[in-house]
Amino acid sequence: MKKIQAGVLGATGMVGQNYIRLLENHPWFEVTYVAASSQSAGKSYQDAVRGRWLMDSDIPENVKTLIVNDANMTEQAKGNCQFVFSAVDGDKETIKKIENSYAAADIPVVSNNSAHRWTVDVPILIPEINPEHLDIIRDQQGHYGWNKGFIVVKPNCSIQSYMIPLYALMKKGYAPTRIIVTTEQALSGAGYPGVASLDILDNIIPYITGEAEKTEKEPCKVFGKISEGKIIPYDGLTISATCTRVNVQDGHTSIVNLEFGDKKPSLEEIIDIWTNFRALPQEYELPSAPVHPILYRQEENRPQPKKDRNMEKGMAVSVGRLRKCNVLDYKFVGLSHNTVRGAAGGGILSAELLNVLHYLE
Amino acid sequence: MKKIQAGVLGATGMVGQNYIRLLENHPWFEVTYVAASSQSAGKSYQDAVRGRWLMDSDIPENVKTLIVNDANMTEQAKGNCQFVFSAVDGDKETIKKIENSYAAADIPVVSNNSAHRWTVDVPILIPEINPEHLDIIRDQQGHYGWNKGFIVVKPNCSIQSYMIPLYALMKKGYAPTRIIVTTEQALSGAGYPGVASLDILDNIIPYITGEAEKTEKEPCKVFGKISEGKIIPYDGLTISATCTRVNVQDGHTSIVNLEFGDKKPSLEEIIDIWTNFRALPQEYELPSAPVHPILYRQEENRPQPKKDRNMEKGMAVSVGRLRKCNVLDYKFVGLSHNTVRGAAGGGILSAELLNVLHYLE
Amino acid sequence: MKKIQAGVLGATGMVGQNYIRLLENHPWFEVTYVAASSQSAGKSYQDAVRGRWLMDSDIPENVKTLIVNDANMTEQAKGNCQFVFSAVDGDKETIKKIENSYAAADIPVVSNNSAHRWTVDVPILIPEINPEHLDIIRDQQGHYGWNKGFIVVKPNCSIQSYMIPLYALMKKGYAPTRIIVTTEQALSGAGYPGVASLDILDNIIPYITGEAEKTEKEPCKVFGKISEGKIIPYDGLTISATCTRVNVQDGHTSIVNLEFGDKKPSLEEIIDIWTNFRALPQEYELPSAPVHPILYRQEENRPQPKKDRNMEKGMAVSVGRLRKCNVLDYKFVGLSHNTVRGAAGGGILSAELLNVLHYLE
Amino acid sequence: MKKIQAGVLGATGMVGQNYIRLLENHPWFEVTYVAASSQSAGKSYQDAVRGRWLMDSDIPENVKTLIVNDANMTEQAKGNCQFVFSAVDGDKETIKKIENSYAAADIPVVSNNSAHRWTVDVPILIPEINPEHLDIIRDQQGHYGWNKGFIVVKPNCSIQSYMIPLYALMKKGYAPTRIIVTTEQALSGAGYPGVASLDILDNIIPYITGEAEKTEKEPCKVFGKISEGKIIPYDGLTISATCTRVNVQDGHTSIVNLEFGDKKPSLEEIIDIWTNFRALPQEYELPSAPVHPILYRQEENRPQPKKDRNMEKGMAVSVGRLRKCNVLDYKFVGLSHNTVRGAAGGGILSAELLNVLHYLE
């Protein structure tokens, strides 16, 4: 089978590097096009990332010698890739403009950026939760006059550690109505160079710019419904978030206190629901889909970033410490690998879903 | 003025070392008696701690050559010290037995241990909050048949970062009724050797044995009332806690979401109340009392352990990030130095209060 | 092909856990026997390591339910495994006794312990360097009256980062005569719980018990010659070592200054020799053998533990920064994964070599 | 006594902040003038450093409201300060130009920068070692046509941990001839933001740009002699250095192997010489001078950055682990606080020496 040609926008940054690492030997996709800022354009990929390749494996051989394109020059992508992953940097309007130009050029865009997250006809996709939001792609193409191109985005990495667990409960009729969440987020979430070592050694930072807002708002769009060509956010859930930075390389942890509405599951039911949760990516056996999307840890001191972030190749969410809460109903701890499930791995899973649903043809 | 002679039980452990460090050059107290386990007994203090002195200043000269006593041998303390700080290790019953034996020998005990925290006639003292609980000392002495001896304990270090801020509000008529707290606690809270480096490097641990329970229960006793020779815990406040360990040397951080009853202050009022809070230790100008017990940080990314734990010589609580909570009323971040305010420094402040109130005579 | 049954002594410790992790899905060996201290004996392996399984993947399914044996009870190993990896703890004499008893029971022992390193007829094996030392096994069996059993040991993990690079030069006629080495060693080298987090956070420790001595002496035995049933250490090399501990999970780094005798290679020759070095494990294509035993990094800031320790599945040595030394001839930086190449992975490679050379039959 | 008015150039950077922190309550000097880049000029100091004040105490009250000047506008310094500490950033020529312009304006400059270190008539001062190099100030003033102004610089922070120990031996007739040094340097040496946390968490970096060269060359100028208006570097000492970065906040460690010429001290003599070493700053009892410039630690695992960097308020050098070297004569470990003794504290001590020697009048 001939592989589908994929491009990576923002290929020299940390998320871009993760895409390139994770796509090495992918059974369906191969990286044939890389683009970045105009400074990198014209260089071979290995020259462009010299001194700032951060992965702990070497650059894949087939990517080393690809010539980096200017991400603004959409023309060069045509014919060289069938869709792109976007991890391009910049202000919101610039990113929108770039991503739109690829979509307009018949090149679907799977984006890690927040720029389009609140565009009403762009879905924030978590493949296990809201695959039906992909129906809006036809509306989106109509609105913009795009032919084959479209834009699908991923949510912020901070919410990945509890969204699938919450959804698994909702699907069984137990809809949480209020949650209070504290996150302990990893350094890689801030990109590179990101957090200065002097700021985080022997320290935590109880603030991450813009993160609490995203954590409080994005889940409602993911849980939303399509109506008249727009995604209408779900209004049954209120979230209060505090996001903190801790001295951990990878893996965002969340401490979640939650309250249900009328119908309340028992502790045993919750664990049972989580353990048995499966969704579309598992049914299709997508290459990057975790067999078990939710892993419940029985040990009282788990999940932990170092020990659990790589479970199911970084694509599973690990949860644990489920117990009664004195104030709301229950509390638990969730963990997700922020640069795999929460970024490049999640983007690849989205593209895999798009492929089996024939959106990339 | 002749200084009051103080003993330190458990003098070779980490809390004991902190007592010895902080009492160097104390204006009122001098360390004249050190006691530890039978293995250390008979050695000079500097020999007993060789290879495990953890402070970043050297052992005070006058303590180096003190001979370590067996903490079980109360007799040796008589005449050698007028009261003791207890940081002795062991199971609950052993600790109670040791502390009781000192009290019985006319030697008041200011204890860091949890053993006596739920003894009905032993006060859990935070000098800024419940000095009136010291009235129970007379009852305690009556119950046990002690003459001059008594026992006063300190609360768990995990609650110190928000208790004074909550109390300051209560005192002004704004009583919180429900709080959800997540703590990010420092390594030194686990003693030495404590947390293995392999467990915490590039990691957090979302569990600390027994800590959530203490965090949920102890505040109610601190806020309690004396009635018929017992301290009756306050029943107006419900707490839900999750305690996590982070890779920080010193300084416990708490993320607090809180709800008030009928009367609710504005954000401005809260900051104003905190900034102007003063209590008995400030009135008496006790040597270890912080001038400002609560420091409100205006910066959006503060308090931070590394930058704020040493404020007011480690005796102030730093708070920040006060803002609306979508689920409860408000949320904020608190920070307190766990081995100073939360342990030895807090014990010394308690002893200073006991002294000005003539309990050590 | 039926797999060879392997046992692991000291299976519950950190090195033992690494053996079990690395032997999962091994093409030649399968773990069928695990032994540890008498406290663990009788428990299932998963019960025995509950709360102290340190690997970042779960316990292999086939090992979870193996019943742990008492490492002292050699009888139980008979018929249950064809050879053992020894990572048993204890004092030197106890370890020797245990290892000897397995050898006496016809069970070859591949040991990680230092106990037998200076036994004159026990080889310290680095498969790429001194496979001819295995000839002494016949002498060893004769001396002790063993039939099929024997003992082969591994060197200390601190020397692995420069031994193969030095040997590659010696083999080409460039024998170093004097080296000064400073090591920056990882936490996992100290076992578990090992280094206390309070000792290493924001710190380095310029001393590791016994490590400098091993680092100075063991290379000479590895480079030695067999003569009259004994391994006579090489006397042409003098080493001065200082071993320090740094806050790194895995990967020992060494800074090496070296001087040659009469014959001195150029910088280019050295890099060329290193890059092209191959030895017996590569010829036999042993399952754990790195394709490139020595990886020379051109980047001026490499090798680094986090980025290079996992190269060739942790079995390659990474070197870099080769340049002139003002005092001796040259200097370079070496790096090796201490729990893979330096411990369990090295042991497995040794067993693979023993197998192809028919010592395990 | 009226205090001498001091300026700080580059006042908003990390070294500048350290100057401001250490000069709070200085008995002789007070900060009356701060200068930085043109972006900061015109703001109050507290506004200029908002969000990047890195010290763990708050900004001194008297400096908070000082208006930051443009470091290029020398005119504004006149009358507002009697001398300046220079920690200004930029390329070598720009720094030289700025520092020269202050000297030309009759304002002596004590500089932390490397720009002027190899200017033949600018002394690299370590007050305990080469105070006689200050004699060249008159030559310098003559060469440039300066009246009261002049420039004195400090050496690189990487050499501070062993220069005074070496000098103490030289002074007693034991001149080292060859040394091999490996440094393990702290993060603060790289300034702010400096080293990215993703680069150093769970890692070491075996390279620091330009550092090995400085470490090998600067000692020879410090040990040099004035001849015909130039400082002629000492040619009796050859140094080979490898500089590595470790995950430590403050405190540079060096592992030193050294060889003497004809005259070789015993281990006991060395310790004795170090312990009793005193020099001009101690004779004058300068405010920042350590009482004991060299502290020899008897413990086999010291000095350690976290435990020893603050000895004598960060101004002492701690040494330990002195023992025989198999290749050269001896080896030892040295430690010095890089932002105190190695930067701002060392600069202040230099200024104190200049003051008692009447150079600031």
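Each chain carries a letter (A, B, C and D) given by its place in the written order, and its residues are counted from 1.
Definition applied: contacts are C-beta pairs under 8 Å (C-beta built on N, C-alpha and C of every residue); 3 or more make two chains touch, one makes a residue touch a chain.
Here the structure is a predicted model, which is why all the values come from computation and not from measurement.
More C-beta pairs touch across one of C-D and A-C than the other; that pair is C-D. Greatest centre-to-centre distance from subunit D is found for A, with centres as Cα means.
Centroids built from CA atoms put subunit D at 43 Å from subunit C. Once the centre of each chain is set as its mean CA position, subunit A and subunit C turn out to be 40 Å apart. Counting partners per residue, subunit D has 201-202, 247, 249, 301, 306-307 as the residues that reach two or more other chains.
Only residues 50-51, 56-58, 201-202, 299, 301, 306-308, 310-311 of subunit A touch subunit C when the two sit together in their complex. On the subunit D side of its complex with subunit A, the touching residues are 54, 187-188, 192-202, 247, 249. Only residues 178-180, 182, 184, 201-207, 216, 238-240, 242, 244, 246-249, 253, 255, 257, 259, 300-307, 320-321, 325-328, 331, 333 of subunit C touch subunit D when the two sit together in their complex.
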